[in-house]
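So, here's a batch of structures to check.
Each of the next two complexes has subunit A plus one other chain: subunit B in the first, subunit C in the second.
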Partner chain A sequence: MELEKSMVVSEFLSKGSVLKQGAEARVYRDVFLGRSTIIKERFPKKYRHPLLDEKLTHRRTVQEVRSIQRCRRAGIPTPVVYFVDYTSHCIFLEDIVDSVTVRDHILATRQRPHPSPTLEPLEPLAARVGRVLARMHDEDVVHGDLTTSNMLLRRSGEGEAELSLVLIDFGLSYISALPEDKGVDLYVLEKAFLSTHPNTEPLFQKLLESYAASSKKSSAVIKKLDEVRLRGRKRSMVG
Partner chain B sequence: MHSSHPLELFPGRTVTLMLFKCVRNPAELRRSAMGGQITAALINPRMLVDPFQVIVAANKAVHLQTIGKMKTRSLNSEIIFNLSPTNNISEAFKRFGISDADDSVLVVLVATGDESQTLADIKEKVDGEQVPMEELPMLSDVTQIRKLYKVTPQEEKMGGLLDSVVCKMATKDVM
Partner chain C sequence: MTVVIGFEGSANKIGIGIIRDGEVLSNPRRTYITPPGQGFLPSDTARHHRAVVLTVLQEALQQAGLTPADIDCVAYTKGPGMGAPLLTLALVARTVAQLWGRPLVGVNHCIGHVEMGRLITQAHNPTVLYVSGGNTQVIAYSERRYRIFGETIDIAVGNCLDRFARVIKISNDPSPGYNIEQMAKRGSRYVELPYTVKGMDVSFSGILSFIEEAANKMLASAECSAEDLCFSLQETLFSMLVEITERAMAHCGSQEVLIVGGVGCNLRLQEMMGVMCKERGAKLFATDERFCIDNGAMIAQAGWEMFRSGQVTELQDSWITQRYRTDEVEVTWRD
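Take a look at the complex of A and B:
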């Protein structure tokens, strides 16, 4: 009976458009229950032992769903989960329409000939990101894949100049209270941030300052971040 | 006046909703539903924010039925159970099913193909006034919904009540 269900979902998915494919999952976009939806399919990995693959894939799916809901209840913006199929490991999520990634926004902003060529216009955004991450870590949610491509800016309401920040892709996320894990989370972001957006150290610094000011448990986390930096290499959290 | 929604994952199956106000025979309806004379889910509109909430519950119910993993005994009771934020079945029936004191009811029918006859049959059994689905928000008890689903103010501010409710429904198995 499980096979039967997987086929129903895969038939549905074959009609949608594949947005991207990673090592872990395929992402589709389609209309589901009247809404534009992102479907994240963790497909079977043939190179793994089947029993292990099933357990791992199931666990990752569950962790992702749990992290999203945990963030939501604390008011951290994430896509809504509409439906989870645990037989085919598919998560049906809200498609955040009318949005840009923070990555693209920063790139676009830096390209425009500005009155001042400084990073000043981007400081409020950096501060906002810092605040959101602080709230997330205070909920003991570690994102696991923090990059500026995994943060969206969407128009919030009519005529509001303010774009609201949404965190996406909780595929590598998990629950942890350890400052070490949160420190690594920030380290991953720092590396990604500085490589994608060269010469933005002051901007990232602003982000960290905002984080430190917003999180109740930040000092331990920042301390660990410094330690990890000194170590000089990423600590791989991917199993 | 009823509204129908196809279930994309289950081609050919649709969810049809009918909303009734000023219902004078809730006890009889409840007995009919439990007895199997009415093959639809009868839901208390007070706990509903939007039809989407019901469609999400119906989709999950059909999915679980297809893989043989329903928690309740029938598709219709499963729809009611899926609306609940908890895993307690009797509590779900109490809160989301209709009681003898209710005066409005939402009829939910999951069908394959043309069910116009069944719809007409059910409509005949309801001693009440059918109204368009647009009137559903007027029958919602937002305070009770917030309380039952434990929606925090920051959660509602961030994404709205409907999204908060739907997400809780969709993720309750693993929380």
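Take a look at the complex of A and C:
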């Protein structure tokens, strides 16, 4: 029965179009149950020992689904999970149509000629991201791979004020109440943010301020973030 | 024609090498090896280096068939690394630079590894995995800096391996990592160990504490052999390294991987990275133990690049530092 099920999924996938192949999974777009669907297939990694590969792939599939469900229950915007096949490690997700990644939005905004070359136009977005992350952390969901490519802006009406934020790619996520884990989560975002968007420190600062203001448990998290930032500097680098 | 001599001694290896326009003329090295179950301490290591440095210097010149007059520049490891050993080598470098009347260049140890890897393999613009006893970084060049895309948030992978070797009292000769590799070849049972990747970063202190605690229990109950533990540890650690390298490659759109640093000698790591590269249509570059493991020629090579692009270290700036981030250096020799 399991084998038949996964054969059906593989057949289904072979008809879909591969959107992209990331380090972690292959992403397809197709129609499922009458809706535009993104299918995330975690394929086996041949460089890993088969037992490790199976454990890791299964765990990440389960964690991704669990984290998305937990976020949704708390009203945090993520794609809807339509279906999961645990044999082939495929997750069928709502396709967020007519959306752009926060990364592309920031890049496009910074390229546009502005009356003043400041980061001001992007501040509301940074504040919004801070608020959403605060809600997520208050639910004890640690994303694990926060980057501006893992946040989508969906057009729900005319003009920029109508863009709504959606978090995606919960493959490395897990449930944790520890400020340390949440601090590291923000640290990962900070590194990704500043390397992708150089010279935007004030914008990220705005994000953190908004986070601190919105989260009930933020002071411990921010303190841990400061500690983790220093770690890179203070580590003994012998060898 | 530019001839540069490089002095390296940031950990337990002391090496002095000479490079002439991309040609390695000599690269002698000595390793301070401690008894099984023991790591190396800074003062003992410095003592070891002091005892052999002048002999190694003579070897470097003799093997290259050169005299001090032939040297154009003296490069030395400014950091990062252990204080006392770094100081020993810096002192000698400063002295000969003044004796011979030649300029000094202070080199970042990590960049030494990268530049040697680039020279030997001729990799064009690779994603670099730098793995050693003291460092674990995924580096990519961008806009005049070697930027760190991913790294360990606690200990280096080589440090994890070395400390595990101490727990099961494996010999440190020629290096604990090498002996773990040989034992792993004879292991077959995969034991589940903690696996920790956080975004583009990795964490090894969890798996180390787990295995330090569990190893003796598992060996005593004959649940698995020491060889099985070595095997499982390598499979897990190296999978983590391959994963963060792949993520960096996907992020940067890179099609080349270069492995440098002592742990880069490990053939199983090279094999696993090779499989990942093949699946992505990327190319893998690696060097052998002459250049993976800390050596003087890599410092000479980085020094050669720096010197030719106009960088020189004044005597008053020729200090050493235990902490020196790879992205602190302005890479003036690339565009």
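Please note the rule applied: the second predicted complex is superposed on the first by the 221 of 239 C-alpha atoms of A that agree within 3 Å, B and C clash if a C-alpha of one lies under 4 Å from a C-alpha of the other, contacts with A are read in each partner's own complex, and residues count from 1 in each chain.
What we mean here is this: a residue touches a chain if its C-beta (ideal position, glycine included) is under 8 Å from a C-beta of that chain, and two chains touch if they have at least 3 such contacts.
Owing to the predicted nature of the structure, the values given are computational and were not obtained by experimental measurement.
Asker: For A:119, using the defined touch cut-off, is the partner it touches subunit B, subunit C, both, or neither? Pick first, second, both or neither.
Answerer: Touch status of A:119: no partner.
Asker: Scan A:141 for contacts with subunit B and subunit C and give back first, second, both or neither.
Answerer: It touches nothing on subunit B or subunit C.
Asker: Check the residue A:188 against both partner chains and state whether it touches subunit B (first), subunit C (second), both, or neither.
Answerer: After superposition on chain A, A:188 lies in contact with subunit C alone.
Asker: Quick check on the superposed pair: does A:102 touch subunit B, subunit C, both, or neither? Answer first, second, both or neither.
Answerer: In the superposed model, A:102 contacts neither subunit B nor subunit C.
Asker: Once the shared chain is lined up, is A:127 touching subunit B (first), subunit C (second), both, or neither of them?
Answerer: In the superposition, A:127 contacts neither subunit B nor subunit C.
Asker: Would you sort A:23 into first (subunit B), second (subunit C), both or neither based on which partner it touches?
Answerer: After superposition on chain A, A:23 lies in contact with subunit C alone.
Asker: Kindly classify A:222 by the partners it touches after superposition: subunit B alone (first), subunit C alone (second), both, or neither?
Answerer: The answer is neither, since A:222 touches no partner chain.
Asker: Just to be sure I follow: which residues of subunit A are touched by subunit B in one complex and then by subunit C in the other one?
Answerer: Residues common to the subunit A contacts of subunit C and of subunit B do not exist here, since the sets are disjoint.
Asker: Under the touch definition given earlier, write down the residues of subunit A that touch subunit B in their complex.
Answerer: Those residues of subunit A that touch subunit B are 1-2, 4-5, 8-9, 12, 30-35, 62, 65-66, 68-69, 72-77, 80-87, 94.
Asker: Looking at the complex, which residues from subunit B come into contact with subunit A?
Answerer: Against subunit A, the touching part of subunit B is residues 5, 7-10, 52, 55-56, 59-60, 63, 66-68, 152, 154-155, 157-159, 163-164, 166-168, 170-171, 173-175.
Asker: Quick one: in the complex, what on subunit C touches subunit A?
Answerer: By the definition above, subunit C touches subunit A via 10-11, 79-82, 109, 132-135, 147, 149, 151-156, 158-159, 190, 192, 195, 197-201, 235-236, 239, 242-243, 246-247, 249-250, 261-262, 272-273, 275-276, 279, 294, 322-325.
Asker: Could you pull out which subunit A residues touch subunit C in their complex?
Answerer: Touching subunit C: residues 22-24, 45-49, 51-52, 55-56, 144-147, 172, 184, 188, 191-192, 195, 228, 231-239 of subunit A.
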